[in-house]
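Following this line, the structures themselves.
Paired with subunit B in one complex and with subunit C in the other, subunit A is shared by the two complexes that follow.
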Partner chain A sequence: MNPSLFSPEGLAGVIFLILICVTMIGAIIATCTKRLIRSVSGLAVCFVGVAGLYYFLSSPFVAMMELLIYVGAVCVTIAFAIMLAEPDEAKMARKLSGLSGGLAAVCGGAVSFALGYAAVNGHWMAPAVQANDGSLKMIGQSLLTKYSMVFELISIVLLVAIIGSVALARAGRRGN
Partner chain B sequence: MNELIRLLAYMLGLAAFLGLNLAYLGWVERKGAGHFQRRTGPKDVGPYGLLQPLADGLKLMSKQLVVPANADRALYMCAPILIMVPAVLLFVAIPFGEHLVPREFNFGLLMMFAFASVGGLSILIGGWGSGNKYSLIAGARAVSQNVAYEIPMLITAINIVMITGSMDLNEIVRQQGAYIWNWNIFRLDKSLLMPISFLVFFICSLAETNRTPFDMGECEGELVAGYHTEYGGMGFGLFMMAEYANLVIGCSLTTILFLGGWQSPIGIFPGPHWFLLKMYFLIWCFVWIRWTYPRTTFWGLLNLSWKYLIPFSLVNLLLTALFIKVF
Partner chain C sequence: MLTLSTQLNTYLVIGAVLFGFGIFGLVRRPSLIGMLIAVELVLSGASINFMAFNRFLAPDPTVGQIITLFIMAIAAAEAAISLSIVIAVYRNYKSIEVEDLVELKG
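Then we have the complex of A and B:
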């Protein structure tokens, strides 16, 4: 059954396709360009597409968090890291061995084959009723009850990262 | 069909509101600067220089677009557009009046912060894409400043979310009562530190919009004109307009969170006029501050955020939580 283009279902489908296109184009820019800063821009476009997909799947909270954390924080952090890395010109002059390209093709092919196989042949559960109403209160409650273990583990990872970066920064300062 | 007409009307209305604001805030700023410095400001084009924005716009649009030789062409052209998109988009969620909201979002507050954080990346792209070291330094500065001040701003906003239990901007306004002592800034029954939270939020929004005393990104003395040094014509115009759009959004957010949005201070006639009055008062304060105080140093700026505002806002958050739990 094909809904007509201008019915709500048809428009939703068009928006879904646009979001998929944005995600794919972002991913392609991120991987194919030679300049690192363009890769980061592509990555940001990709994240925006993914956030749109989350919004399409009616989880606006995750969509907003994706924008806030991945585009606003992770991409900016990567951009700062690029400023400290070696310049693009030096990297372009260096030649990659032919083996790495073949290896990448094999790995990429294997992963995409596995994912495609799982997507086509897997037994997908019917979309269950929505777990909760997606309100702030419900998210907070489930984070602190059902998923409290995950929540605590993530906070430990972040704590370790902060302590590590502080230790590195202190060591650098003493050197001067 | 009604919904469609409503959406179209709001889009046209927002476009008009946005266009007028972006044009005339520039005039307000120049006029204010003039009078603060005992000059007259723009006065030749039209009465009181009121047609000056029109002349400026024509001039900017008729200029040739020159791409610097060692700029990254694609990024250079993208950045002014990218910086404008989130700034314009955010107006969709602002409740101008109780029933004058283009679109009510459950997570309106979160959405504000999410899209505002995207703006930082486009500043960085513009600074990098220009192929000019001053632009690059300015871009890096502007972004590290935005990242630093986003944290205390978010934490302070969480205070409000804890008090109201909602991220819906209209709901936040609705919960603040009709009189001035019911606004979040004076709600001492919820947390004793609310006036200071307001101050922290105000300082952060000054820094987030890259305004003096925190305009490190575009300090003319050291960095020519900051991240938009290499932009001419409408490219520069878009950066300027995005700055004013962010200014309007920052002041609207402060009004909504702390000053009761469309609620009336004396209990009668609540409506969009109160919202606009409060918002323009805040914008006037921004202009006032800009032409009164000198610029801080970059270290002073970062120290203020990391050493004072962030620890303070964390303590403030804990105290608010305690207050809500105990009473």
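Then we have the complex of A and C:
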């Protein structure tokens, strides 16, 4: 049952453990550092780990999209926003009282423990039969047939988001 | 220990821990961009749950992947909109700390 360390399964298991560590370390850096730019770097590390987990869940397409969209677009956008709008250091030092940190730890720990407890003790039933293999071809077919309406709606949402963010960011600029 | 990647519970616990980190950052962070980063963590915890159920339990294993793609699109739109709101707020208040933004009818 337990594969040896140097068999292919064992090496895959080691890589999986490394990916879990990368994800958790990234999440810790993203939430616990003081400077926002370090926090964004931690977020990028965390998303690289999550992309690896998606690969283990047998969907390399979603893993690649995770790298492209989250690491490549969202983190870079947040980094640019930090460059444009980061407050100075003296202002940041006055916050972060102990009460807020303790309250946050209690909230996060409680939510995480409750979800993990429910997940481990839940009774999950595997399906009797799988309709298809979940390959990229099947994803493309169901995106253009069963989910075509949602696909179009997402396109409109993204268009509205682009126009809205340009309009919002332009609004208060002086001299225009 | 090395067969963790074939069990559903592993992924569910990772998703729950990421969600908890997101809530932790959301309560702890004093600035708007820090809260946005925490929200991204929450969304990725939810995506991991969808992908795990999709791999192990779903009768049609394309559904979870498509939902995860939609979550990514929504998260990208949300990040773009909220970052432009943050920049507009910074231009007016010279601050992105939540405690400074208490004035209504600005």
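Observations, loosely collected:
Here is the rule we go by: the second predicted complex is superposed on the first by the 143 of 176 C-alpha atoms of A that agree within 3 Å, B and C clash if a C-alpha of one lies under 4 Å from a C-alpha of the other, contacts with A are read in each partner's own complex, and residues count from 1 in each chain.
As a working rule, contacts are C-beta pairs under 8 Å (C-beta built on N, C-alpha and C of every residue); 3 or more make two chains touch, one makes a residue touch a chain.
For clarity, every value in this text was computed on a predicted model and none was experimentally measured.
Using the contact criterion defined above for the overlaid structures, shared-chain residue A:59 touches subunit C, although it does not reach subunit B.
With both structures placed on the common chain, the touch criterion links A:144 to neither subunit B nor subunit C.
Which of subunit B and subunit C touches more residues of subunit A: that partner is C.
In the superposed model, A:73 lies in contact with both subunit B and subunit C.
Of the two partner chains placed by superposition, only subunit B is touched by A:41; subunit C is not. Judged by the touch definition given at the top, the superposed model places A:18 against neither subunit B nor subunit C.
When the shared chain is aligned, no partner comes close enough to touch A:163: not subunit B, not subunit C. Where the contact sets of subunit A with subunit B and with subunit C meet, they give residues 61, 65, 73, 134.
Subunit A makes touch with subunit C in their complex at residues 1-3, 5, 9-10, 12-14, 16-17, 20, 23-24, 27-28, 30-31, 36, 39-40, 43, 46-47, 50, 53-54, 56-59, 61-62, 65-66, 69-70, 73-74, 77-78, 81-82, 84-87, 91-92, 95-96, 100-101, 103-105, 107-109, 111-113, 115-116, 119-120, 124-134, 138-139, 142-143, 147, 150, 154, 157-158, 160-162, 164-166, 168-169, 171-173. By the touch criterion given at the top, residues 72, 74-75, 78, 105-107, 110-111, 113-118, 120-121, 124-125, 128-129, 136, 140, 143-144, 147, 150, 161, 165-167 of subunit B touch subunit A in their complex. By the touch rule above, subunit C contacts subunit A in their complex via residues 1-5, 8-31, 33-34, 36-38, 40-41, 44, 47-48, 51-52, 54-63, 65-66, 68-70, 72-81, 83-88, 90-92, 94-97, 99. Interface residues of subunit A, counted against subunit B in their complex, comprise 35, 37-38, 41, 44, 48, 60-61, 64-65, 67-68, 71-73, 75-76, 79-80, 83, 134-137.
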